[in-house]
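Right after this note come the structures.
Shared chain: chain A. Partners: chain B in the first complex, chain C in the second.
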Partner chain A sequence: MKRKDLLNLTLGIITSIGGFLEVGSMATSAAAGADFGYKLLWVIVFSTLCLIFLIEMSGRLAAVSKRALADAVRERFGFVFTVIPRLLEVLVNLLVIAAEIGGVCLALKIITGVPVAVWAIPVGLVLWIVVWVGTLEWIENTTAILGLMTIAFVIAAWKLHPDPHEVLRGLIPSRSPHDAARFWFIAVSIAGSTISPYMFHFYSSGAIEEEWDEKSLTSNRMTAILGMGFGCLMSIGVLIVSAVVFAPKGIHVDSYEQLAVVLSPALGRWGFPLFVGSLAVCCFGAAVEIALATSYLLGQTFGWNWSENSEPTKGARFALTYTAVIFGGALIMTTGLDPLKLTMFSMALTAVILPTVIMPFLLLVNDEHYVGEHRSGWIGNTVVFIVVLVASIIAIVAIPLELAGGS
Partner chain B sequence: MELVRDILDKQLRGRDDEKLGKVDGIVLELRDGKPPRVAFLELGSATFARRIGRRFERWAVALNRRFHMRRARYRIDFGRVRDYDLDVKVDVDAKPSPAWAWERWMRDHIIKRLPFAK
Partner chain C sequence: MAERRCLVRGAEALLVFVLLTAACNKDADEELQKSARSWRSTLELVQREQAKHSVPAKYVKQVGELASKSLEKELKNPDVKPETRREAQAVITAANKISEGGK
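Take a look at the complex of A and B:
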C-alpha cells in the first residue's frame, strides 16, 4: 500500500471513529447505564457488529456497481416500491436532525443559560452555511477530527475503574432485571441510534463522489471494521461512565443537563467543557451528515444532479433539499419539544423502519448483477437479517409501551 | 435488452453527461399486425406519480400548472438512446430540456437569491 493510500485509509478510519458518537448514541447509552448498569452493553456490541457489516456492504455496493444505495434500490426494485421506504426515511431524518440540532442547542444552553428554542434557528443557520459553502471532504474531516474529543468518555470510563467482571457480564445478552418495557425500549433505541440508515446513504454516496472502485474494497473493509469498531468504544465509554456515576445513586437521566456532570468525577474540571464540547461537535457533525444524506437519497431517487462538491447553483434541487431539512429540523426545536425525549423516540422509530431500508439493500449486495463476484458472505447476511428484524419487532412492541408508561 | 431490467428506473444522462432524471416510464406503440415498438422514454413528475395512482398523477399535473411549468412529463424518442450499460445515455441536451424545468425554476427563484451561491 502506498503512503498516500495509507494516509487516506487512516483518515477514513479516524473519520469513522470521530463521527460515530452523536446525540442518539450518547443519549441512549447514558440512559442505559443510568437505568440498568452494564446490562445493555451487549446491545451496543451486537448493533455495532451489524453496523460494521452494513457499512462494508454499502461501500462495496458503491465501489463495484458504481451506484449509490438509493440509486441501486430504485433501479432494482422500481419506483413504486421505493416511495414508502424513502418517505419514511425523510420523515425520520427530519426528527433525527431536529434532535441533533437540539443537542447543539443544549450544549449552548448549558453554557449560556439561554433556552434551546432560542438557539434553534441560529444553530440551523450556522449549519446551513457550513453545508452551503463547504466541500464534502472538508466537512467530514473537520467534524470528525473535532469528534475525537469523545475519546474523553473512554478515558473517563477507564479512570472510574468499573468492575471488570460486571462489565464482561454485560456483554452477554440478558433479560431485564426490572421494568422490562423500559429495558427493551432503550435496547431498540440503542440499535436505532447505532444502525442509522442515513449513514449508509452518506457512506455510499461519498464512495461514489470519491470514485471508489474494486481496488478500494480492502480499505473499505478496514474502515468499516476499525472505524466502527473503535467508534463503538465511545458508546461503551458513555454507558460505563453513566453506569458508574448515576446508577448507584438511582439517578435516571431525564434531561441532558443532568448528563453535563457525568465526566466530572473522572476528569475533574476538564469534565464539564469536554462533555459540552463533545455534545456540540458530535451533534453538529451528525446534523450535517443527515442533511446531506437526505439530499443524496432524494437526488438518487429522482435522478437529479447530486454532489456536495459542486456549487449550489449546479444542483438547485439538491441544495434546496438540505436547506429545507435543516430549517425544518430547526423549526421543530423552536416548539420547545424536550430534546432528550425526541432523541429517544426518533431512535426507536429508526429501529422500526430499519427493515424497509435494509432488506432491499441486503438483496442488492447478494445480486450478481450489481456486485458480481463480490457477494456478501452468509455470516454477514445472517447477522444483519436477524439483528434488523428483531430490533424492528421489539421496537414495534416497545414504543407503545414506553409511551403508555408516560416516560 | 429487457425493458424493465435494463431501462426502466435507470439514471438518464444527457449528451453533456448531466443527469436528466430517471426513466420513469416507457411508451410502447401498438401497430396493426406487427409487434409493438418502443417509441419513447418518459420522465417527469406526472409519469412517476401515475405509477402510484391516477389521483397522484392529477396532483402532479396541477402542481406543475400552479408553477407555470409547461409540461409535467417529457418524452425522449427511443432512437436517441446511445448506451444503457451503467446509465441510460441519450442524445439530448439536459440543461435546456423540460426535464430540468424545476431545476431551473428553483435555481433562478430561490438558490441564486441566497448569499454565497455563486
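Take a look at the complex of A and C:
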C-alpha cells in the first residue's frame, strides 16, 4: 500500500471513529447503563456487527457499480417501489436531525442556561452555513476529528474500574431483569441509533463523490471494520460509565442535564467540559451528515443533480432539500419538545423502518449486475437479515408499550 | 381469498394488542417513588461534584430547577399515596434550595 493510500485509509478510519457517536448513541447507551447496568452491552455489539457489514456493503456497491445506494435501488426496483420507503426515511431523518440540533442546543443550554428553544434557530443557521460553504471532505474530516474527544468516555470507563466479569456477562444476550417494556424499548433504540440508514446513504454517496473504484475495496473493508469497531467502543464507554456512576445510585436518565455530570467522577474538572464538548460536536457533525444524506437520498430518488462538492447553484434542489431539513429540524426544537424523549423515539422509529431500507439493499449487493464477482457472503447476509428483522419487530411492539408506560 | 382473510385477522390482532398495551398504564405511585429517588441521587451527585469544583454553579442550578419541575408535574397525579407525596415534596424542597443557592 502506498504512503498516500495509507494516509487516506488512516484518515477514513479516524473519521469513522470520530463520527460514530451522536446524540442517539449517547442517549440510548446512557439510558441502558443507568437502567440496566451492563445487561444491554450485547445489543451495541450485535448492532455494530450489523453496521460493519452494511457500511462495507454500501461502499462496495458504490465502488463497483459506480452508483450510490438510493440511485441503485431506484434503478433496480423502479420509482414507484422506491418512493414511499424513501419518504418515510426522510420523515425519520427530520426527527433525528431535530434531535441532533436539540443536542447542540442542550450543550449550549447547559453552559449558558439559555433555553433550547432560543438556541434552535441560531444553531440551524450555523449548520446551514457550514453545509452551504463547506466541501464534503472538509466537513467530514473537521467534525469527525473534533468528535475524537468522545474517547473521553472510554478513558473514563477505564478509570472507573468496572467489574470485568459483569462487563463480559453483558456481552451475552440476556432477558430483562425488570421492566421488560423499557428494556426492549432501549434495546431497539440502541439498534436504531447504531444502524442508522442515513449513514449508508452518506457513506455510499461519499464514495461516489470521492470516485472510488474496485481498488478502494480493501480500504473500504478496513474502514468499515476498524472505524465502526473502534467507534463502537465509544458507545460501550458511555454505557459503562453510566452503569458505574448512575445505576448503583438508582439514577434514571430523564434528561440530558443529568448526563452532564457523568464524566466528572472519573475525570474531575475535565469531565464536565468534555461531556458538553462531545455532545455539541457529535450532534453538530451528525446533523450535517443527516442533512446531506437526506439531500443525497432525495436527489438520487428523484434523479436530480446531487453533489456537496459542486456549487449550490448547480444543484438547487439538492441545496433546497438540506435547507428545508435543517430549518425543519430547528423549528421542531423551537416547540419545546423534550430532546431526550424525541431522541429515544426517533431512534426506535429508525429501527421500525430499517427493513424497508435494508432488504432492497441486501438484494442489490447480491446482484451480479451491480457488484459483479464482489457479491456478499452468506455470513454478512444472514447477520444483517436477522438483526434488522428482529430489531424492527421488537420496535413495533416496544414503542406502544413504552408509550403506555411513559418513558 | 383465504390468505387475505388471514392477513386481515393478523392485522386486527396486532391492532388489538397495541391498543391493549396502550391502555394499561404503569402505577403512578411507583413511578413517582422511582423518580424521587433518582432525582435525590442526582442532586447529591451534582452537589458532591460542585464541592470538588468539577461542575459550574449555573449547571447545578439547572439540575435543581429540572428536578423540581419534573417532580411537581408527577405530583399532579391524584393516584399518588401520601407517603410518596411527602417523599417527593422533600426532594422538591432540596432541589429548590439548590437552585436558589446556585444563583
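Here is the rule we use: the second predicted complex is superposed on the first by the 407 of 407 C-alpha atoms of A that agree within 3 Å, B and C clash if a C-alpha of one lies under 4 Å from a C-alpha of the other, contacts with A are read in each partner's own complex, and residues count from 1 in each chain.
Here is the rule we use: contacts are C-beta pairs under 8 Å (C-beta built on N, C-alpha and C of every residue); 3 or more make two chains touch, one makes a residue touch a chain.
Only a predicted model underlies this, so the values are computations on that prediction, with no experimental measurement involved.
Following the overlay on chain A, a side-by-side fit with no clash is recorded for the pair chain B and chain C. In the superposition on chain A, no contact is made by A:Pro115 with either chain B or chain C.
By the touch criterion defined above, A:Gly336 lies against neither chain B nor chain C after alignment on the C-alpha atoms of chain A. Contacts of A:Gly372 after superposition: neither chain B nor chain C is touched.
By the touch criterion stated above, A:Gly78 is placed in contact with chain B alone, chain C being left untouched.
Judged by the touch definition given at the top, the superposed model places A:Ser264 against chain C, while chain B stays out of reach.
Residue contacts after overlaying the shared chain place A:Ser255 against chain C, while chain B stays out of touching range. Of the two partner chains placed by superposition, only chain C is touched by A:Phe272; chain B is not. With chain A used as the common frame, chain B approaches chain C to a shortest CA-CA distance of 22 Å. On chain A, the patch touched by chain B and the patch touched by chain C do not overlap at any residue. Of all the residues in chain A, the ones that touch chain C in their complex are 109-113, 245, 249-252, 254-255, 257-258, 260-261, 264-265, 268-269, 271-272, 396-397, 400-401, 403-406.
For chain A in complex with chain B, the residues that touch the partner chain are 66-67, 71, 74-75, 78-80, 83, 129, 132-133, 301-306, 311-313, 316-317, 319-320, 323. Residues 4, 8-12, 18-22, 24, 43, 48, 51-52, 86, 102-104, 106-107, 110-112, 114, 116-118 of chain B are the ones that touch chain A when the two sit in their complex.
Every residue of chain C that touches chain A in the complex is listed here, in rising order: 14, 17-18, 21-26, 31, 34-35, 37-38, 41-42, 44-46, 49, 52-56, 58-59, 61-63, 66, 70.
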